[in-house]
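In order of appearance the chains are A, B and C, and numbering begins at 1 in each one.
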Amino acid sequence: MFDAVFRNFSFLMGGLLITFKLAACALAGGIPLGILVGLGRISKNKWIYYPVTYYVNFIRNIPLILVIFWFYFVMPIITGSSIDPFPSAVVSFIVFEATYFGEIFRAGYQSISKDLVNAAFATGLTYSQTVRYITVPIAFRRMMPSLITQSIVTLQDTSLAFVIGLPELVRRASIVDNLEVRSIQLFGFVAITFFIICYTGSKISRYYEEKVRKANIL
Amino acid sequence: MRFAYEFDWSVLWRHPYGIWILKGLLVTIEVGLLAWIIALILGIFIGTLRITTWRWMRFLGTAYVELFRNIPFIVQLFFWFYAGPMLFGEKLAHQINRIPDLNFYVAIIGLGLYTASRVAEHVRAGFASISRDQYQAVLSTGMTQVQMYRYVIIPYALRIIIPPLTTEFLTIFKNSSVAMTIGLAELTFQSYRIDAVTFHGLEATTGAMFIYLFLGLSVVKFMGLIEKKYKIKGMVGR
Amino acid sequence: MIEIKNVSKWFGDFQVLKNINEVIRQNQTVVVCGPSGSGKSTLLRCINGLEPFQQGEIIVGGVKVNDPKTNIYKLRQKIGMVFQRFELYPHMTALQNITLAPIKVLKLSKKEAEERAMKLLERVGIPEKANEYPANLSGGQQQRVAIARALAMEPEYMLFDEPTSALDPEMIKEVLDVMIDLAKEGMTMLCVTHEMGFAREVADEILFMDYGQIVERGTYEEFFKNPKTERAKDFISHILH
């Protein structure tokens, strides 16, 4: 049934490892940049607000594949050295996913009501105490489900690095398929692998969502 | 080493590249629109399954959404394109593989099936956001179930889900670019192809980016008109 | 007349209504109070068949609610209901909210329905809001539209499910005034409310429910001056502060 998968198991798993590495790098860069983007989107300084908003709206209208190509073409010009797909893919993911994370952070900041902050001040908390004990913990809890969901989407998105020849899971499966022509089992295997990872992630996200919902009611 | 890069923006309009880009845009729009029809019909159907009182139907709807949402679209596309024909058996597979422009049809079906799961989720969420008391309030005036859905619940839910569906409609054009991986000559494919011939991929992809942006803004404008027409007046933040 | 005989209801293992008996005569106003979760709202929803119940029977104007042969839609036309969160149709104007059921269910012409709706809007004091959407109305105005929507079917009975508990204090009175007028005009009403001023003015009987049972019943005087159970005493001291 899965003979071609078993024969090439370590090769495929190596691809999965690269998929994870890509996703980890994308998140490690995309989330911090997303926090900045989110702050920029609620900034009252128009020199910050408008550029950030244009950046977000521009990227969100463009297919990820095109962003990947664009950086793939632009990186050698900037660095002057020949093309290495991994860093250029990572940069595209960071630039792309940060806009999505940014909107999550923006919504998170905005979900904190002014009166809640005032209530904290009224009890004598300082600004930094309020941020540390009230605003950030609450916003973080509310954002948790969306952050997890977006992380899963990011993991799925890394499969598009296929187009610049990065040997992640999908690319390796298609290499094996070219040799052995076992499309059903190979792409079936890739699909199942992604499904297990992402479904687990979405369950965790839903668990947090439920927790947040209950906390808001009680 | 390419320190000094000479820009050549004429690859965006010079013969034959200008034609390539236009042809690519046309394919992007065709695939997007046709897939959208599948996504909308199937998505509304599956979303409705998920709010019925019949458990098996609900399970079926949920299973569909979970399956298609948790597998990257590129993997789905590869599966349909490479493995799909074989699912019909050896003999039929050969015939299917001989269909001209097979990747065009696979792209439409694959994108439609994938987007349907996302549409279904918005439909379900739209209905779920209507409170139980709202349903009961309609029934308490003496209306039947059919009248309740026909005059109150469905028109209301539709208005709630139009904004997220707008976003989905935008996404379908963006996602159609993934079909380049099965050789569909859509816009992204063409900009990459220009690079292969001219080594000026940067200009070609930059141009393509702005075309996508323009396409997206047109969709937003168009949907904005529809939304304005059907908006629940005085309702904010939906 | 609404007759409730030995009604019991379970949500799974949990019994929400325990052997409820009550008769509401024509033109009477009965107020139901009690702590939250005591089954008041559920009882209300059993009367117009929005919630099924497993034991006993409810008869409204001689028609048995829990009889499968009863046309429940026909019955509901005679029973108006007002909800805590108004539940207006957000995509329709006040006027459209009121005229929808008369047009679709009673098959009135649009003109007749609108005339009827305008009279009702005048009665609840907001004819000028006819073409506003619910989101542009205050809570008190929304609730008055909701009452008008129920009255547009010319019901013989009215059920109120905590109609003022989602309202700001200054809006409570405008809704209660409408309800008091209704009661005085002889509408048969069953109201779940903690507004004791309202109860004193118009209630013929007050029911106190706790844990799915009616634990006390009597006139306003009897209930407030002479509560028999500890739970009722406790409850009264809470709502009178």
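Please note the rule applied: a contact is a pair of C-beta atoms (placed from the backbone, for glycine too) under 8 Å apart; a residue touches a chain by one contact, two chains touch by 3 or more.
In this text the structure is predicted, and so the values were computed from the model without any measurement.
Chain contact topology: the protein chains form an open path, each linked only to its neighbours in the line.
Across A-B and B-C, the chain pair carrying more C-beta contacts is A-B.
Compare each chain's C-alpha centroid with the centroid of every protein C-alpha atom shown, and the nearest one belongs to B. The distance from the centre of subunit A to the centre of subunit C, each centre being the mean of the chain's C-alpha atoms, comes to 50 Å. Averaged C-alpha coordinates put the centre of subunit A at 20 Å from the centre of subunit B. For the pair subunit B and subunit C, the distance between C-alpha centroids works out to 46 Å. Across the interface of their complex, subunit C is touched by residues 131, 133-134, 136-144, 147, 151-152, 155-156, 159, 232-236 of subunit B. Put simply, subunit B touches subunit A in their complex at residues 1-3, 5, 66-67, 69-76, 78-79, 82-83, 86-87, 170, 174-178, 180-181, 188, 191-192, 195, 201-202, 205-206, 208-209, 212-213, 215-217.
Those residues of subunit C that touch subunit B in the shared complex are 45, 48, 50, 73-74, 76-77, 79-81, 83-85, 87, 89-91, 100-101, 104-105, 132-136, 146, 149-150, 152-153, 159.
Taken together, the subunit A residues at the contact with subunit B in this complex read 58, 61-66, 69-70, 72-74, 76-77, 80-82, 152, 156-157, 159-160, 162-163, 170, 173-174, 177, 183-184, 187-188, 190-191, 194-195, 198-199, 202.
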